[in-house]
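What follows is chain A paired twice: with chain B in the first complex and chain C in the second.
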Partner chain A sequence: MVMSTERRKSSTLTVESLTKVFGNHTAVDEISFQTIPGEITAFLGPSGCGKTTTLRIIAGLESPTSGSVYIDGEQVNNVPAHKRDIGLVFQDYALFPHKTVRQNIEFGLKIKGLSQQEIQERLGKSLTQVNLVGKEDRYPLQLSGGEQQRVAVARTLVTQPRVLLFDEPLSNLDAKLRESTRLELHNLQRKLGITSIYVTHDQIEAFAIADKIMLMNKGKIEQFGTPEEIYASPKTAFAADFIGTSNILETTVQSVNQGMCTLALKNGHTITGFAAGKASEVSQGDHLLVMIRTQRIRMTTTRPEGSQLNVLPGKCLYKVFLGESTRCLLDVEGIRVTADCESEYVCNVREGDVHVSFDYGAVVPVGRG
Partner chain B sequence: MILDRLYKVYVYVMYVFILIPLIIIVGTSFTTSQYVTFPPEGFTLKWFVRVLTSSSWMFSFLLSGVIALVSMGIAILVSLPAAKALAKHRVTFMGRDVGVTLRTLFLSPIVIPMIVFGIGIAITLQTLGLYGTFAGLVIGHLIIVIPYVLRSLIVSFEGIPDSVEEAAITLGATPVKTFFKVTLPMAKSGLIAGALFAFIWSFENVTVSIFLAVPGLTPLPIKMWGYLSEFADPSLCAVATIFIVVAFGVFLAVYRKMGKASMFAV
Partner chain C sequence: MTVAPGFVLAIKEKMGALSTRHTGPLLLSPLLICYAVAFIAPIILLFLTSFVVGRGYYQPGESLTAEHYLHVFTDSFYQKVLLNTLAMGVYTTGLTLLFGYPLAYHHARASSRAKGVLTILVISPMFVSLVVRGYAWSIMLSDHGVINNALMWLGIIDEPIRLLNTMKAVVVGMVNVMLPFMVLPISSGVESINPHIEESAYVLGAGKLYTFFKVIFPLSLPGVIAGTVMTFAITMSSFVMPALLGGPGFQVFGTIIYNRILLISNWPVGAAMAFILVFIVVLVMYFQERLLAVLTKRRRLK
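Right after this comes the complex of A and B.
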């Protein structure tokens, strides 16, 4: 990676057993994590999961009930927000409506007391960076949503904060613009190498932009890892359910043999799955929740051949054509299973008796039943 | 269609009803006769000359202006922190949220008949030994105008998203700097509208002033009232015309600068 000379060292953000209680509601519950310098960590979770509160505590806009925030090893709990040197891009952009684009971007620089020359230099560079040259004398209300968003980003980046926080920065943009803006944001962050936190409830956005994902639910961390890890091996039923579309089945362990488990479904059929790391932890009779991604389930009229393949009898209840894929609701002798099949393979399958199949590898244990 | 026409006629009738007293007063101020007549006889500016060269009229005019300006200024200074606290922060007393209670209390002079306040203020000032002083008049007027300034500022502050102030803070501005560089400029229209109403309410007040005015310290409306009962010549109409022109002028100036929305934000 090429380091530009003006860039300063990327910072490390550490959070230690952070807790925030509002009245009798625990918004953030004993959260600890550490970011890798220069990476983007996405806080992902449903609304009310505590991701924004955690972000606001890091920014210093909210004080934690207990726990600590460290930047480069230095505890900042008692450093007021205006001295933390943390940039925050707000969901509603929070531009100063009475100031022009130029004045908005200059605001942080003037507060810092930089020389006029330095201010002009950074302003010029920043306007180019976010592609707003020629619009510097407009007021925020004279700009489109996307342009306002870019001003908000520029205003924050220009102060060269140690840590950059994004609070659902794209949620007010329309779908198309969201994607292109996301790419721009991603490129900019990469180029500047500022350690960043990105709050979102949109898993696609989180996957696309983040190096690490902190999946949150009810104030707690469900799982922390790369997008690939979280997608491929969710550690909890919540993670499996929240990320992607999947089927979660209740099973009982019948036998464990060299990392391969035979699991009994509630309808009496058995399936086989790899339980890799978990194989040593489970034993006969245990109740185990397993996840099967909808895309990994196939539906055929003839019995499929293949090794390491679970094949179950089922009924196709109905199909929903979604374009490239067709969503099929299947009944496997009392158990409802959703499958996303490639449309061209299932277009001729009538609703009725079918074979439902999936690889052993598609069966991922996600928790105890 | 007929209904539309009826509405139109109705609106015009209302306009005339409201404007007739003003038309009569302005018209009469140009009459050559010695008494108040309408339609005016002839055309003269002598009543205006007489009023503008009369030291007692000009004193009352200036006195009212100074009282209005001073009470407006103090009202703004007092209301700014109060409005900020009530609009943007949780105000507690012994652990209980008293924001709504305080707000109602601060705004109560708007709903309580002003004459009640007039009597109360007069008695209070007497006790304090401030009755018949300039300070006493200003205190009386402050009680009238603070609610208007406060209300207009609260509305303006509430209209400012918290995130904008937080943005300033995360960009390195202290809370005080944030207030003066972001919050206050964003509340500018509310501040101006509030100040304008404060000025007008103080300048034209009779109900409170009448209990506080003493000979030698008579605000314009009280002077006019007294003059009417003694002389009732057209110079009173000239004063009233000047009054209308000044009030309308101020209103128009602010309106053109700030736009309709801010004027009626109150």
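Right after this comes the complex of A and C.
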């Protein structure tokens, strides 16, 4: 097959009820999703949630127990890894230590049987792309971590894969380099328009780079959506807890009135929240889990005024100064609540009795109790 | 009289220095003395014996000559034995590598439980005495042994082929003996290759064979070289298998040295042969060292 140097049409990756069982452990449990061509989808979740296993199945390095993987509508279950035409960048880069930068990048091209001219052309372009001109005769061990990472990316990109897979590609870089490399990766992916999957356990990284997030836990998809959707309206308690910092409270529905719910907390106090489209689904007496982001809780010494504001009495147990914000651990008559307040507003609040307040809009239902 | 506290401190310091600086050699000394008396001294004596005029062993004040070395290198009988020994070493090493590599690869990539079982299987022949294994092979390889009978029954051959007392039999026995020495270093070599490197090659489009020859094998070379040199060195100086399976038909340095020194009491020739063997092995090990240095030097940090 002769490949053109032009950019190709972006591919669609579809996964259908994918399941992988290792012994008596189900690593991936009935996962289905579809990516939009040219987008980056991040698999986000704690370690052991099945995100890497899913990635390895897509790459063809692991075979699924059941379910299918499709690339551009073609089922690839029985296509071996070396014929899937995909790219994979590992966390540890996995460069060939016995080959120079040039030989590493040429590896995939030589197998494709491209002409020497085409190989040289692509090599040159790729070295410029990842800013490694002049280092082509070095061996991987003679490069810095960041440079090795760029070689790994270049080695994969020159083959012009249909789908690009990243397995925590930035985890081995130090914090500062991680951010700039992430930006470079993002720009490169945008420019080339290659459909990509990005596995990470780092929420900030996933939000920064991905168009869509697939949040996973225990082999299942918790939520699939844009970062904004997942942050603003987590569908499950896990999603609410894993993304950002939040308080999850157990409540009982007292009344539902025009999309507004009055919820009883375990300590007897009531709060009000919007049921956000779920009003029809909840009724009096239901147990509801609600999430309140730590940043949306305020702590004041005087009772705050305002409409649509929940105000509860509380005690500030202790404060942790974090710079711009101060994390306060509050006791609301038996319920522990964490609040991240802007430091300048809470610097004069002593540990002791305070008013704890948050908007009705800050109360987000995330599941049944 | 009271002792000055400074004095006590000084003694403690001395004791401390003694415990860290001198106890190492002190603890080693019994073994070192044993080695010096029972191993190093006899070797020096044997080395001197290889230069003795006549047939006895070295006694102080004797005049020395290099004629035994010259004799071994120029006499057609010894030349043949030297060639036999080298051929046995090369064939055994080559076949052990060929059979051992796939086993080593699977051993390296096996799950930890399977690896335990494989390790025991690989080293289990070492639990059986070399002599027992030698006789077992001689039964298998004899004119009417299992192998000849099977081949005849299958109609592949009409009459028994001669295996016993040829190099073939010795090489078969030696491969059996040397397999663990080849498998274990290669396995640890393969094990040190990050599996992601192999998987990267597949994803980049390389098939299994291409990946093996271009990635896995080159990266496992340190293990391969270690196993190969060990196998070659031990095979070259082997005695039991050549004695039991080669017999008078296939003589090597090991069997001839035994013959010269213990049977016909020609000490100097036997000693000279022994040191030629040592020299060959040292030479091979030197080249191994050079080769490894060349292989790994250029890709290290500059």
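Going forward, the second predicted complex is superposed on the first by the 364 of 369 C-alpha atoms of A that agree within 3 Å, B and C clash if a C-alpha of one lies under 4 Å from a C-alpha of the other, contacts with A are read in each partner's own complex, and residues count from 1 in each chain.
To be clear about the criterion, contacts are C-beta pairs under 8 Å (C-beta built on N, C-alpha and C of every residue); 3 or more make two chains touch, one makes a residue touch a chain.
Because the structure is a prediction, the values reported are computed rather than measured.
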Fit or clash - chain C, chain B, common chain A: clash
Which superposed partner A:Q142 touches (first chain B, second chain C, both, neither): second
Partner chain(s) touched by A:P97 [first = chain B, second = chain C, both, neither]: both
Chain B versus chain C as contact partner of A:G367, first or second or both or neither: neither
First (chain B), second (chain C), both or neither touched by A:G87: both
Set intersection of chain A contacts, chain C complex versus chain B complex: 59-61, 81-88, 90, 92, 94-98, 107-108, 111-112, 155-156, 159
Residue numbers on chain A that touch chain C, as the complex places them: 59-61, 80-88, 90, 92, 94-98, 107-108, 111-112, 139-142, 155-156, 159
Interface residues, chain C side, partner chain A - complex: 194, 196-197, 199-207, 210, 214-215, 218-219, 298-302
Residue ranges of chain B touching chain A (in the complex, touch as defined): 161, 163-164, 166-175, 177, 181-182, 185-186, 188
Chain A residues within the chain B interface of the complex: 59-61, 81-88, 90-92, 94-98, 107-108, 111-112, 152, 155-156, 159
